[in-house]
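Here come two complexes built around chain A, the first alongside chain B, the second alongside chain C.
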Partner chain A sequence: MEEEILYNQSFQIRGRDFVNGGSVSVQIKRILKELGVKPEVVYKVSICCYEAEMNVIMYADLGTLDFTITFDDVIITLEDEGPGIENIELAMQEGYSTATPEIREMGFGAGLGLPNILKNSDDFKINSEVSKGTKLFFKIHLN
Partner chain B sequence: MTLQNLIKKFELEVLTDLNDKEVSGGYSGDLLSDVIANTNKNYVWITMQTHLNIVAVASLKELSAIIIVMNRKIEDEVLEKAKSENITILRTDKTAFQMSGMIYGLGVT
Partner chain C sequence: MQLKEIINILSCNSKTSETLLDKDINYVYAADMMSDVLKSCKIGSLLITGLVNQQVLQVSEIMDLQGIIFVSGKEPGAEMIEEADCKNIPLLTTDKHMFEVCGILYSNGMRGKEIQQKEENGGRDTLQSVIPDKR
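Coming up: the complex of A and B.
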């Protein structure tokens, strides 16, 4: 069944662009607030988007985040070009991280990003191909 | 409780413009995923982190202020970014443990 799209926008995220880290998530949050989306939904989308965005910045080269609002959901897909994830099961474990010491010193690399996206979304899918990239999909119900 | 109350009471140093806001809660932590997942609007965030990315965290979570502990040095670049995004950054010579206890003691949880 095709759902009617109320809003759609795409954003580019560049790998290693720490200076702008989080800016896409902040823009998405602003859009949701302007549209009057419930605070609980904004809260969940913010957590998920931030973690997904920072993963591209920390681990990949270039990502495209596609943000869609339908009558029922906020839907995000994020496709990146990068090293991909060898063992997704491992990457999904709380505390697992391949972040470098420099990145950890900044307070990233707690290994909570993917688990927190899973926890805060209503539907979550991750696919990855080593040396190609990673594709993330998550959905958060509006009601 | 407002930021202004906290600043007066605990002699916090104001490093940016002060946007006086309500303080509805607080959180102490240096891991960004933890802070992102466990803070809410109008919280004060007590941390050792001083790099640029703390501004986006505060902006995304609409925190009242970031409180930098142990008088840690913070780059002008970070303060400029905070000012441009209307984020208040405060600083104290206290440790995160001490600062959290002081604010918690006022009934902020």
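Coming up: the complex of A and C.
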């Protein structure tokens, strides 16, 4: 059954754009707060979005984040063009990372991103094709 | 503990507007990795870090951090200070190092989320999320 969409917006994320890194998630957080969504849901969504957004910035070339609110959920899909993930099972392990020293100097690449999205979301799917890109989907219940 | 009291005991300099300093701090978290902050820091904590870049501010906004103390004499740039002022996030600097800052705050009664929650829970371990409890 198709759920009724109450709000939808798409955002572009450019790879290696560290200066604006996080700005999409901050915008999403503001939208959710303005709509009066419960604080714990706002935090969960914005933490997950931030992790996902930074993954695009750190590893991919370009990403499109689609943000949807239905009666029951906040749904995020993020599709990127980039190197993809060779071993998703490894990438889901806490502490596993392929980050460069440059990324680590920025305070990221601890291998916690994807596990943190999994932990904070109610539904999580990831598909990736090496040399093409990654598609990430997660859902967080509003109640 | 009042933020002004923390500034006093750590000999901090406030880089942002003085009007942002009038607040009470309940939790403290220390890390250089923003990944750790996103995973384990309690919402609304005071952050102690040696990392000075734009990402610290973005993470602070996501996690509603009450302020940032930059250790070891590290200084935020003018642009960062301006942005922090707009976002109402106080930026503080101290010449003291991370270990010293944490030790001083701990000995003055400040706690991270696990210990404080354990104490509130009568000494029992709890598995708590960083997200505030349901109201």
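For this structure, a couple of remarks:
Assume the second predicted complex is superposed on the first by the 143 of 143 C-alpha atoms of A that agree within 3 Å, B and C clash if a C-alpha of one lies under 4 Å from a C-alpha of the other, contacts with A are read in each partner's own complex, and residues count from 1 in each chain.
The working rule: a contact is a pair of C-beta atoms (placed from the backbone, for glycine too) under 8 Å apart; a residue touches a chain by one contact, two chains touch by 3 or more.
Note that the coordinates shown come from a computational prediction; the quantities given were computed from them, not determined experimentally.
Applying the stated contact rule after C-alpha superposition, one finds that A:E40 touches chain C and leaves chain B untouched.
Once the two complexes are laid over each other on the shared chain, residue contacts for A:G113 go to chain B and to chain C alike. Chain A residues 18-19, 21-23, 25-26, 29, 39, 43, 46-47, 50-51, 106-108, 110, 112-113, 116, 120 lie at the interface with chain B in one structure and with chain C in the other. Only residues 32-36, 38-39, 43, 51, 53-56, 58-59, 61-64, 130-135 of chain C touch chain A when the two sit together in their complex. Across the complex, chain C is touched by residues 18-19, 21-23, 25-26, 29, 38-40, 43-44, 46-47, 50-51, 106-113, 116, 119-120 of chain A. The residues of chain B lying in touch with chain A in their complex are 30-37, 40-41, 47, 49, 51-53, 56-57, 59-61. Taken together, the chain A residues at the contact with chain B in this complex read 18-19, 21-23, 25-26, 29, 39, 43, 46-47, 50-51, 54, 106-108, 110, 112-113, 116, 120.
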